[in-house]
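Dumping the structure here so I can ask a few things about it.
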Amino acid sequence: MADQGSAAPGTAVEKREAPIPSAGTAVVRSDRVENPGFPPYRPRVSDLDPKKERQNERRVAWFFWASIIGTVFAITAYIAFPIVEGDMASVRLNNGLLGLGIALALLSIGLGAVHWSKALMDGHDLVEQRHPTRGSEETRARAAEIFTLGNKESGFTRRKLIRNSLIGALAVMPLPAIVIFRDLAPAADPNALLKHTMWEKGMRLTKDPNGVPIKASDVTLGSVFQVIPEGLYDTEHPLEEKAKAAVLLMRLKPEDLHVSPGRESWNYDGIVAYSKICTHVGCPVALYEQQTHHLLCPCHQSQFDITHEAEVIFGPAKRPLPQLPISVDAEGYLVAQSDFHEPVGPSFWERVHD
Amino acid sequence: MTDTMERPSTTGATQAQEGPGRGMRFTNWAANWVDERTSMSGLVKELGRKIFPDHWSFMLGEVALYSFIVILLSGTFLTFFFQASMAPVEYEGSYAPLKGLEMSSAMASTLDISFDIRGGLLMRQIHHWAALLFVASIGLHMLRIFFTGAFRKPRELNWVVGFVLFVLAMGEGFTGYSLPDDLLSGNGLRIIDGMIKGVPVVGTWISYLLFGGEFPGEAIVGRLYTLHILLLPALVVAAIGVHMVLLIVNKHTQFAGPGRTNDNVVGVPIMPVFAAKAGGFFFIIFGVIALVASTVTINPIWNYGPYDPSPISAGTQPDWYIGFADGALRLVPPGWEFQLGPYTVSMNILIPILVLVLFLLVVALYPFFEAWITGDKREHHIADRPRNAPMRTAIGAAGVTFYAALWAAASSDLIATHFRLAVEGVTHAIQALLIFGPIIAGVVTHRVCIALQKKDREIALHGYESGRIVRLPGGEYIEVHEPLSDFERWKLVSFEEYQPLMVRPDARGRITAGQRLRASISRFFFEDRISPVTQTELEAAHSDHH
Amino acid sequence: MRTESTSPRRSRGRGRRSPLASAALLLVGLLATGGVYAAFTTAATAETTQRIDALADEGEKLFLANCASCHGLQAEGTDAAPTLIGVGAAAVDFQVGTGRMPMAATGPQAEAKPVQFTDEQVKALAAYVATLAPGPAIPDEKYLTGEGDVAVGAELFRTNCAMCHNVAGAGGALTEGKFAPDLHNVDPAHIYEAMVTGPQNMPVFNDLNITPEDKANIIAYLTYLDNNSSPGGLDLGGLGPVSEGLFAWIFVLGAVVAVTVWLTAKSN
């Protein structure tokens, strides 16, 4: 808001000089080297030689004609090189030739115009004076006066009750605009959803993507299986379920596994199943090295040691990948003993809060 | 502008002799018709002969503007065919390796644009290449502004507007990258989801609202589409408008040169020279993008396939301008997560977010910081040569190194495979680079700037070394120096010099902590400095030679 | 150890005597039944066995000369290299046929390099190792034609392979300097063999995980990638946004900056 002291309401405009701005800590010298003024104009060949000028003129015109050729070429290519269904080479040809024609048409116009301006248009530098960015003192005084008049005529600062209630009204008015976004998501609490997956006792482990169940005997030493729960694609929201329930199945020598107390029964003869969703930000951790038994996340390089219950050995993740307890059913197929015992995927605020 | 000094021109006078031709008569009629309804003549009078200084680095902002126009044109074409829906469909298009697969309409329509609509792939590639160029040219433009001090008064606000444009451009880029709903962008969204969930207290809910339920849901592509084609472009156009208006009000900066002062602008007029150059430049930018789009593949979504939460590709990275954020996530050492009572605090996500936000804030606010240090309230229209503001250049170099380290970290896996290194080693090296690199880069740049200034000073005083050795009558050997013309010298001697702030007690006889801080930073900035050559020194040097 | 090593020798020893045995069998058969047909088939089987055994002998010589110093005289493995008993002919054909074995130097992993042996010698080594214990055999030609359902192959590739080898088969980083190699223009037999044997740190994808038909589909997809260059033009190595970003900065922005310099240079 304008400086109210500079002009009382309704008074005549007070004329003042603009203050000289402070140079701060800049060194202001009296014996600076003098600006030598403009250098002499260096004439171009087109300025001196009419033949060169005509030559440049023709060159510019040639560019514009080349552009027309490019346009014609592009339209011809569009028609003459159609996309043949299923033939990727035809897509490549159509894309390349159409694009090259358009590129020629555009580049030629551009190069011609620039060449015209550089070689043929007046080459002298011109000078324009600058003015201080701040308005002139008269303008500023008038602006201040307008504000003052506005204030006086409305009583904006005098009528504090009106002013404050207006500010209050404007401050709360946007709240509905925030509230109405509540229904961006369903009513249910996300926490309940994030803490469970579709795995349950007796559910078979099946191959991703074809859903074929896996027998324990299928999983030979050094194997890795990409696993989804049985019946995943019959659920209402398969992608959301898959985003939580995707599992990696590996077989190690039982003596290589360091099993902590309480988890002795979670593996089946060296076959272990871990959540594939990184505990960092949720990329699928699927790079299994069968000799080192390390899992690597390709997004941020977190590494998990499967011999030590997927504990983190490198990278930004903190928590081990959750283990899915498994066993076999009567027919020898691998099944889950239960859901995961902790939420899968990236950490969130309420992760361990009930 | 009335005060544009027209130099005597020799051309154009002869044409006026003959009566106007038919084309000219039509132009006159049309101009009159428009002016009588719009007062357009006033605008032409104000702007038509505005002067624009010539320097290659002054064109970088235009590159950004023109690539944005290319993005708008190609993007409009794409909207005619793109289906922003995640409803599952069976793909029945041309591309054999995806035939019969279930995917979202978004992915299927993007494949159709690529393979079943003539010119569709070209438009997709133009759109994407132009987007990469858009953000890259904004970045380079900002570096130019920074290193030449063109953000100083009165242009601080326009720097902030430009900064906002940079952030909006990144937002445009990310929302667009996610639209095809392919495997690469889907995993990118999953990372965003993971990051949002890592935000304390509100993260879980924000993710839930954004995705319209659990990740991935069926809402996100449609929502991002609205942002991508409606809200963000509107904001970009508005910010570009403000940016341009302020550019006209402030006029362009210029480099020091003979005849150029802080009170004038020397260059070519908008009508006709600059209009021809800038107009032609638009076609060149469009042409270069078209050339690249017709010959180089970008974002081959057909390789990635539709989004599925289980697969992932090695080398999953965002587009380059989000790379610094991905790199920040990769550089976090293990174990940065803890329990706060019943709540989980993900410092491995929070710290990178904070670092990025702080870095961007420093970029946005730097002009105000430097103005506070120098206390200089004058307008500055002469762009600095980077060497003549050594500490600013050093800070810029440190910032660039910091950004580059984060950026490089986003491709740590590819660096590892291409240079046959261990990815762990690459990560550790970049962690060290992130901390020590900026310091080293800053110190080295500062020294280099001062050395260059010393060299400039030598040349300004004594001329160029010619390499010619002459024996004087007295037997003494000297090297002959080629003297500089006044015009050449002016470029070397015309710059601002600042000295460290001396703390003085204020009116009440006290020295505030703020002043003390300002003084110590000011010392850090300006203690080591080279003064410009003065007239006295110049004369002394010249009399030495004679 | 000794018993393990003798049993394959014994089986080969039987083989070496087989010319005599088959002659005797032939004689007995002719004399006893006069069944010409039966005699003929027996002779043919015997002849095949004979050829394989000759090959295995040749392979054993090559093994002792080139491999035994690391893998042990009886392929039982040493501290320097794993046992080859039970790895099968497929593993040998892959490791030796791609030049990974013999290893030139110790490193994070054995890398493909110019093949040290002729095809015949590779087959001989494979035949020898196959005699040590049962293991994956060299795949049937019918799975290696590059024909198959590319859509199924592509989906399986994305699910099971792309995390290491990249969706475009361009390869990727593993831990501690190891890497998953580029899969472009790799012999289909070697791709198949890698899947069934799990060389080095690559996991095994046995036939119950990915059926032979599906392996053929994966090979068909990789063949499709080899035979169809990218519809959009140059593929920049198929490495994704990083190579695209570098291209944009270096070539596109580089060209644009060059234009700006020309644009603002004074004309002469």
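Labels for the chains are A, B and C, by order of writing; each one numbers its residues from 1.
Everything that follows uses one rule, which is that a residue touches a chain if its C-beta (ideal position, glycine included) is under 8 Å from a C-beta of that chain, and two chains touch if they have at least 3 such contacts.
Since the structure is predicted, the reported quantities are computational estimates derived from the model, not experimental observations.
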{"item": "Leading chain pair when contacts are tallied as C-beta pairs", "value": "A-B"}
{"item": "Chain nearest the overall Cα centroid", "value": "A"}
{"item": "Whole-Å gap separating chain A and chain B, where each centre is the average of the chain's CA atoms", "value": "16"}
{"item": "CA centroid of chain B to CA centroid of chain C, Å", "value": "49"}
{"item": "Computed distance of Cα centres, chain C from chain A, in Å", "value": "41"}
{"item": "Per-residue overlap in chain C, given as positions that touch at least 2 other chains", "value": "155, 159, 163-164, 172-176, 180, 230-233, 263, 266"}
{"item": "Multi-partner residues of chain B (each touching 2 or more other chains)", "value": "96, 114-115, 121, 125, 277, 281, 284-285, 288, 294-295, 308, 310-316, 412-413, 423-424"}
{"item": "Sites on chain A at which at least two other chains make contact", "value": "88, 91, 95-96, 114, 118, 208-209, 226, 284, 286-287, 298, 314"}
{"item": "Residue ranges of chain C touching chain B (in the complex, touch as defined)", "value": "108, 150-151, 153-155, 158-159, 162-168, 170-177, 179-180, 221, 224, 230-236, 238-242, 244-249, 251-253, 255-257, 259-261, 263-266"}
{"item": "Parts of chain C lying in touch with chain A, wherever the complex brings them together", "value": "155-156, 159-160, 163-164, 172-176, 178, 180, 198, 200-206, 208-209, 228-233, 262-263, 266-268"}
{"item": "Chain A residues within the chain B interface of the complex", "value": "21-27, 29, 31-39, 78, 82-83, 85-88, 91, 94-100, 102-114, 116-118, 121-122, 124-130, 132-133, 181-182, 184-186, 190-191, 193-194, 208-209, 226, 228, 237, 239-240, 242-244, 246, 276-278, 280-284, 286-287, 298-302, 312-319, 345-354"}
{"item": "Chain C contact footprint on chain A (complex, rising order)", "value": "42, 44-46, 88-89, 91-92, 95-96, 114, 118-119, 123, 207-209, 214-215, 218-226, 250, 284, 286-292, 294, 296, 298, 303, 314"}
{"item": "Interface residues, chain B side, partner chain C - complex", "value": "54-60, 63, 96-101, 114-115, 121, 125, 129, 132-133, 136-137, 140, 183-184, 277, 281, 284-285, 288-289, 292, 294-300, 302-305, 308, 310-320, 323, 410-414, 416-417, 420-425"}
